[in-house]
């Protein structure tokens, strides 16, 4: 039984889903943020697997760029979270629901 | 590999400006005048570069540079012509805030410039990954800007929400890219387009899923319903001086990317996505209008109205490539209007504060006739009253939609326009027909208009009226701004 | 000739304009003098114009001023023929006398000038009416006289009653005019023209009986409005609120006879519609009897005369309905004389009694104001139909003509005779209550004879009432010859000759005498208390006014109020406002969806994603 | 055969890590779970001939990024556990349904074929440093340069957000 | 016929005036009204020149100017005047100086007021003169803004509500029309899209297309007129608007709707027009009777006049959809007449309002004793509005009713009853306001109208009398154009103007 890239992509899809569920269900900003990272990882896996099937290196290149982007995002995101924490001393987004309606 | 300095001149110039600005600032702390000068020169240069690109590459037959990463054509150069001056106006209106930020002012200006760069990258990207990077450059700087003032809780709430939801959206978008890549074996927009033109996919499942996710990601950027949820909170929470730039540039960049991806890369699939886009447009128009009716805060109201406008613009996109000029007309003029409206808000409610209750605007015509007139004009323009650019824009997009056979969408649009008039008029009523005395806690003192805001508003008013009275030359140029 | 007609019309008009501009500044008598002279002038013109008609020679004169409604081929055109001649002479003649009289009667009124302005405007309008060469122009005069009657009835507008009466008169007239208007629609639709000449020429060939009947009945409606016939008579009694000269001129002599003139003028059409003609006659007869009975029970001297006018107009309708146009016009003329005389006399009485109109407070005035008494007596005998006075001849000719038609018309004749008796009765009653018996004046009232300027016209009219009848007696039918050309197209019905004629005449004379006798006996020495139910019913005019008031005025207003304040503002406007409210309510329902929680936003976004996935996958991946 | 075993083992690990990340009450456990997933993904990279990427994955993600995360977690405090009562009515069921539909959508889309693009000829790709590097500095040079901007943003943004001194309107 | 662009000049003159007013020194407010009046008088002069130069008996458009703006859209500047629009243009140009002269009551923000009035004038003139549908719509919609401000800023107590109601209601109608116009412009032209009215006459539209387009245009115009169920914005707007506002609103704005129906619906969608005749005839007749009945019981004189407008405009609509030459002539003339009479009525109401600051009829009574000139003028205008022969009101109604009888006899007869009701509500109002003894003490001190007010009224009264006695000049100019409309309908549909008459023309 041979593992086709399809398997990886399906797995990636599931991972992506779990990541999304983290955002939809958790309310700790950090965890939600990690979920985003997880989703990006799932996408990366998709890229690589697809690239292998297509026999294109672009898939792997993309992963590198995504990683850079993710890194930058992490920095900014954590900065924001820290800023929030500094004022409210909490990382739960439920405290941040004043703007609505 | 076709290297051409002009191809990335705008980005290069702006980046240079950013670097120089930062280095000099770190060394000598020259203060906000220097920031202004550097930013001004950078934007001027970028604009000039875009003008040159426009002159050389106007018309659909653009050229691809950096192995297809950057496309330079009428489309991208026009985007530059819109984005960079817009950024300039945005900075002008934000200047009072910049001065109050003191130390962090340099960072603020830097981020605005980088965001502008990212916006233009989105418009010019010839490769989905490039597009993604530009999108992130643009978004991440906006995340920061949204949370830049720390004197109020709203600001960082806005930032965090924008960041988390933005992250979700870009992840979805990226997944879409990956799926399209898997489905077509290419990341280059033109490449994908050609592939889809030439080959008939027997099993288009992945491609279609990818398109769906791409639309989600881009719909989020242009704040089309139901992906608009972030907009009201972020617009209201972000500092008054930032919101204008945020709202306007996001529309321009987002629609540039959207139009290019849909019409070039997925042009062959128009029958698949056009109906979906039409539905999104209708939903955005209705939701945006209805919810704007219920608002009591100007910035929040404008946020919802911007959702409705996203819907109007999308109805031009339903016509595919044919609709792009009309889309551009609407986007460009609307961006100016929304910037100006938020500029007024930033003066009346304060550049750093987020909330701007409508009661602040009661009797504004007495406290500052200029601001009242400007805001009134913008309201009429957004309401689509003739003699303003808003009317021509509406006619333009409705033309495209009817051309594409979406009469029902147009009828929804016109009816919603009338309902929308209600809240635009309400602002005018407050400003002109209700003396400030009637309303509590509206300080009767005359407002002084900062110079930058004054200039920005005058320019915006000029554009709005000119584009409303004699739109014809502009429309003729726009015919050359096709992405194909 | 043409210029003379124009001049005759323009003279009173000039007077109107002149007085309208300077009336307020002119010292009192001059305004009246100007008015009188202009009218007298136009009377002169008409006399000159009529001379060769008298001679039997002479053609109808047509004058066209200018194109009025090109699309209808309607010009501002006048046509002066024998019929118009008679009318214009009556109008301007009687008009002149009443002008003179008014100079005295309106003495000291703050709006003296204004009064003569209106009076002249009325003469002008009346001339337009009777000279009109087509329906449209006639309609102009028709409405303008209505306007003047409105203005003059409510001349003393400080009095609520006067103002109300004026409005009532105009509105009720309008109802009639509606008939006229619709009749004109049909006329134009069928003939494509309004010109009398063309219409009447084409009528026999074009008009079906049905159309003719329709036109006839509609015209009758108009005529009934203007001439106060059933059921539209209600405005005339109230019209007595106006100054007495007005009552004499407009509401006795001229305007109210316009209806008769209209029927006579359009005789050709009525000839083609026997039903319509019969209806005219029946309405006339009924009105005559109806009004006469009411007149019996009135105590206000002017109201007696008002109802008597209605009744006499009924006679005229009877005549024209029976196609006895000459008789109708004849009675119109004589009635103009003696009724104007009676009104002016009544005016003189009222003037002398310090504006007292209630006959129960008069009596024994014969001695105090002899001239008035003498002249009014003549009028009284004339209207009662005592030969050889004017009234006898004309009324007798009408009854004769009706009787001659035979068949059911005889019934009408009978009613006519009875009405004649009643007429004699109530007129006598009026004379007795006013002039004979013991004085019952309110204290401080010093009756006195009126000035000459008022009595002279009385005498003149008295003279006319005596001799006026002689123009058309069974022995010398000169009026008939005079009018013959005008009625060339109509088959006139003539009163019969010989024995029957004499018998009929006898019967009517007997009836008249009987009436006079009964009244004389009843009121010789004392006034019976007329308080019985019958008297009250008659006194209130069968409560018709009250019923109209309830039905039209009151319930109408209620209905309108419901329509305006419930249906319109609640119903229609409510719906309009409701749409706006609903939209806002829906909006406020949607707001909670924006919870402010990031994760629910995430759900929304993902939901959108799911929807898109569903759509796209449905496009080929399933 | 080897690949199958690897796929099964590390697939399970990845899923377990992901789920535990979402599930864990304590952020630290979440971080650990995420790290596990990332390692597993790195393994998949290797088995998909993306050696360099795998290395980077381990170094940057599992190394730098997760360290950063842990650092912030510590800064904010581990003890604070979020309460799991859901404030928004019907949120969880709706969310789960939407997620299920979403996943179903993607999986259905790919059920017949995950990759429909044309397979380019030539020997199978091998993500060595040389290959990647050559590509990166030839075809992808522009994006590569643009990433510099991202780093500027990161630096400037962090300063802008974190710098508290010299701020007139601190407080509230 | 000279080639001087007179029509463009006429449209631009008020705008120039408005700009001039805006730049007047703000410390010299007393200059504002004179300058604005002067500006509108210059416009009037230009229109007068137009009246003189106009070829009577010409059916087609005259003084045509045509410039293409943007060929891709087929939009351009195309203006022209024919018998239908000529008199309405003249009416507009006449009423504005009068309205401005009557605006001395306006005390605050006079500059903005005068400017809005002049912009409004430009907008209205543009609507009447433009033959490019898109440009027509631009003027049509833009015109709302100054009117909105005039009601909303210088209006009465509930002005804001009235202003917004007016704006939204009319905007809703025009929104539908806009989609209709764009659709027509894209589908109608042979060679690519065009919004040119004259070219669009050549468009061959399917029956259903015509039906929907007629509805889209029709509702917009019906709201403006207003036709029966859409009329409720009118009383509110009138009651709240300042005097000049009401004068313009009733005098000109309402005509735009009827004009649009006549100019566009009848000519562009003839088949649908013929189909729609029963609907609109019924609504028109309902409007005539309903408006009159509702007017009877109004307690606010301005509301009363407003509802009377509903009734009178009902006549206009009836005449239009009678589809006979007489009816159409009558309608156009009736528009002018109604503009004159109702304009005058609102001026008069404004005069008494300035003195007593109330419009409640019950607050008056016996005014004729203290204000004879005023009473006379009021009565004169009332009778003109009642339709007394010799005054203008009669001519229009006469044409309409008889014209309508030729094609829709029943409707004509029912409609004619409006003539009676008009007498009822106006004379009753006059009776309550002017006759009887003076009951309210404030009224004793009232001063009669002075020279200025007489001067303001004089031109209107003169025209009322002139058009009543000698309407020929007006009719001669109207007739050819309306006949052409009819001819077009007869050519393009199987409708035929009913035959009538055996003797006449």
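Order as written gives the chain letters A, B, C, D and E; numbering starts at 1 within each chain.
In the analysis below, a residue touches a chain if its C-beta (ideal position, glycine included) is under 8 Å from a C-beta of that chain, and two chains touch if they have at least 3 such contacts.
What you are looking at is a predicted structure, and each value in this text was computed from that prediction instead of being measured.
Shared contact partners of subunit A and subunit C, listed by label: B, D. Under the contact definition stated at the top, the chains bordering both subunit C and subunit E are B. Centrality annotation: E (chain centre taken as mean Cα position, compared with the mean over all protein Cα atoms). The leading chain pair by number of C-beta pairs in contact is A-D. Among the remaining chains, the Cα-based centre furthest from that of subunit D is the centre of C. Between subunit A and subunit B, the centres computed from C-alpha atoms are 26 Å apart. Separating the centre of subunit A from that of subunit D, both taken as means of CA atoms, is a distance of 5 Å.
Distance between chain centres (mean CA atoms), subunit B to subunit D: 29 Å. Distance between chain centres (mean CA atoms), subunit B to subunit C: 79 Å. Residue positions of subunit B touching 2 or more other chains, listed in rising order: 129, 133, 136, 140, 143-144, 147, 150, 153, 159-161, 164, 168, 172, 179, 181-182, 185, 203-205, 208-209, 212, 232-233, 294, 422.
Chain contacts: subunit D has residues 87, 95, 98-99, 102, 105-106, 108-110, 113-115, 117-120, 139-140, 143, 147, 150, 153-154, 157, 161, 164, 172 touching two or more partner chains.
For subunit C, the set of residues that touch two or more other chains comprises 580, 591, 594-599, 602-603, 606-607, 609, 613, 617, 621. Of all possible chain pairs, the ones that touch are A-B, A-C, A-D, B-C, B-D, B-E, C-D, C-E. Remark: subunit B residues 380, 385-387, 391, 395, 398-399, 402-403, 407, 410-411, 414-415, 417-418, 421-422, 425-426, 429, 432-434, 471-472, 475-476, 479 touch subunit E in the complex. Touching subunit E in their complex are the following residues of subunit C: 66-73, 136, 139-140, 143-144, 147, 150, 154, 157-160, 162-164, 167, 170-171, 174-175, 177-178, 181-182, 184-186, 188-193, 195, 198-199, 201-202, 206, 556-557, 559-561, 563-565, 568-569, 572-573, 576-577, 580.
Subunit A makes touch with subunit D in their complex at residues 1-11, 13-22, 24-28, 30-31, 33-35, 37-38, 41, 44-45, 48-61, 63-65, 67-72, 74-76, 78-83, 85-87, 90-92, 94. Within the complex formed with subunit B, the subunit A residues making contact are 9, 16, 19-20, 23, 29, 32-33, 36, 39-40, 42-43, 46-47, 50-51, 53-54, 56, 58-59, 61-62, 65-66, 69, 72-73, 76-77, 79-81, 83-84, 87-88, 93, 96-101.
The touching residues of subunit B, counted against subunit C in their complex, run 160-161, 164-165, 168-169, 172, 203-205, 208-209, 211-213, 215-216, 219-220, 225-227, 229-230, 232-233, 271-273, 275-276, 279, 287, 290-291, 293-294, 419, 422.
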